[in-house]
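The following blocks contain the structures, represented as structure tokens.
Presented sequentially are two complexes of subunit A, the first with subunit B as partner and the second with subunit C.
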Partner chain A sequence: MAHPSQLGFQDAASPVMEELLHFHDHTLMIVFLISTLVLYIIVAMVSTKLTNKYVLDSQEIEIVWTVLPAVILILIALPSLRILYLMDEINDPHLTIKAMGHQWYWSYEYTDYEDLGFDSYMIPTQDLSPGQFRLLETDHRMVVPMESPIRVLVSAEDVLHSWAVPALGIKMDAVPGRLNQTAFITSRPGVYYGQCSEICGRNHSFMPIVVEAVPLEHFENWSSLMLEES
Partner chain B sequence: MLSSRAAVRGLQLFTWRSLSTSTCVQEAHGKEVATSSIDCSQPQYNDRLDTPLPDIPYVTEFNTEQSKLKEKEKGPWTQLTKEEKLALYRLSYRQTFAEMKKGSSEWKTVVGGLFFFLGFTGLVIWWQRVFVFGKPPHTLSEEWVAMQTQRMIDMRVNPISGFSSEWDYNTKQWKK
Partner chain C sequence: MSQDMKEKLEKYRTAPFDARFPNQNQTRNCWQNYLDFHRCQKALTAKGTDVTPCDWYQRVYKSLCPISWVSKWDEQRENGTFPGKI
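Right, the complex of A and B next:
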């Protein structure tokens, strides 16, 4: 989760998110360089004492400021496309989970082996246990085995929603009547929070997502317990 | 509705002409337009630092005295007095470079207006805090934030270069 007043990204919990962090650093540096240059030029033009300021023709600089931006754009596009195709690689998931969006909660179905399904409602603020995070905690978490490729099929039962977990670098729209697929591997165990990312009614801000990545044995214990409960 | 009609009429009578850009076009087409507007098809005088030589002199129609001065200008300039040279300058140019560069006190008005509206906004926000906003959630109290922070440390939230990376788990305190 983010700490209060955090501005930057959360630490990556999946390899794809790590790539996105590095790409963002690279692109933001280019943006800062260009913005600094433009700001310098503006200040220089406004504060100059020169009176003959209107150069009418110069081939050399025209070539430079056409070719250089094209080169910069290529320098941004190549890493971007690389990550785009990386995200679509065949990844042979160990587990497939269906995340269904409802107004206003998520439901998860683990139907690979048994028929496990449960709803995940936000814990209201007045019902929080001491130290829990307001508007982020849910009664049931989506537990996954860590360091295993997981496929998530995202859809919705009523209106548009969006399943997002920033620490994993995932956001996938939940469209009624459509199955959207996304996949991730968690590099480390932990609890990762996200929130519904498509306006869906009055409680759109109150249907969070919690992914808990645990070692395989813990996952197996948890899924047995959940099956017994239901 | 009455007041909006009056407003439109007022605009039409008093301010429209001076705000309108179509007056130049109208004058160019021979229509007599009442307000003082410039004829864009003729060379204009300007005082600008980046175009130091205006297209026409400032004064083009001379009275008797000025005509006499202009005649004297055709002779040797060493016979002109300092006042005459200055008068000739003022006939050709409205402002000197020093006067052009001087600037105005407009910035004081702008900054004053800025602070005034900032202060007004502050008043509005204070009024909202007192009369509109409800109580903040109990999770923002100091005790809850302390429990929450401890829980974030225990859960290893952002342990690589974020939140928990600043906590020393051996000495159980924040890293210096």
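Right, the complex of A and C next:
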């Protein structure tokens, strides 16, 4: 989950997020190298007393500093497109969950077998137990079986919202009247937090998302319990 | 045919990939299966045959469609204001 003074991404909890993380490291390294080089050249140019007024052109260096950037761009584009197509691969989900955005809470529907639906409100700060996270915890979590492909259909009942879980590399707009599909697999069990990512009114910052990935038997027990409660 | 259908329904986990709706926007997938179920039911009931083959469409639309959409459409069908052709 997010922590104070965090600089990078949260630890990846899905294979897609791992890929995105590595791609980001790769691209940022290139950016740092180029920036360092340019900064060095600027400092060198500014701090020298030498002058040269007699070089007018040079074919060789022109070729180098055209071809080299083109090669660098290709080295960035190829992994980028690989991940883009990877994210679009046809997957065969084991479970479909609908995440519906409301003002100001999410509701989750698991209707593959029975009609299970419940609301997920943020736990107000004054009601938190010690150890819980402010503005991130909810009364009901979206529980999923770990290491299983899950399809999430995101929509909204009133205004625009957006369902985001950074650790899974997911952000999907919730549009009234539209069903937006995304999918994920959790690589490991755990609890993953996210927050509404589209301005939706006064409590936009107070409708978080919590995904809890558990072994299949725990998921089955949980869903039976939830069905009984409702 | 009916035996295959029964096996398919027993092994049902969730709505499978539908090549007619390969992209992010699955609205039409939900709508189409809802329509197909009710059309199938109407047609097979009129013929007087077994309506079990229609259950597939029902499982798929129940998986995909938000509960509020389904209730709204069911109410519209009862009122005669449903926008689709069944």
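As a convention for this text, the second predicted complex is superposed on the first by the 227 of 230 C-alpha atoms of A that agree within 3 Å, B and C clash if a C-alpha of one lies under 4 Å from a C-alpha of the other, contacts with A are read in each partner's own complex, and residues count from 1 in each chain.
Everything below uses one rule, namely that contacts are C-beta pairs under 8 Å (C-beta built on N, C-alpha and C of every residue); 3 or more make two chains touch, one makes a residue touch a chain.
Model, not experiment: these values are computed from the prediction.
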| item | value |
| --- | --- |
| Superposed partners subunit B and subunit C on subunit A - clash or fit | fit |
| Which of subunit B and subunit C A:T66 touches, first, second, both or neither | neither |
| Subunit B versus subunit C as contact partner of A:T125, first or second or both or neither | first |
| Partner chain(s) touched by A:D112 [first = subunit B, second = subunit C, both, neither] | second |
| Partner chain(s) touched by A:Q10 [first = subunit B, second = subunit C, both, neither] | first |
| Which superposed partner A:S155 touches (first subunit B, second subunit C, both, neither) | second |
| Touching partner for A:I90 - first (subunit B), second (subunit C), both, neither | second |
| Contacts of A:M1 with subunit B and subunit C, given as first, second, both or neither | first |
| Minimum distance between Cα atoms of subunit B and subunit C in the superposition (Å) | 30 |
| Those residues of subunit A which subunit B touches in one complex and subunit C touches in the other | none |
| Of all residues in subunit B, those that touch subunit A in their complex | 49-52, 137-139, 144, 147-148, 150-152, 155-163 |
| Touch list for subunit C against partner subunit A, complex | 12-17, 22, 24-27, 29-30, 59, 62-68 |
| Subunit A residues touching subunit C - in the complex, by the definition given at the top | 90-96, 98, 100, 109, 111-112, 115, 117, 151, 153, 155, 157, 177-182 |
| Complex contact set, residues of subunit A against subunit B | 1, 3, 6, 10-12, 51-54, 125, 128, 130-134, 188, 190-191 |
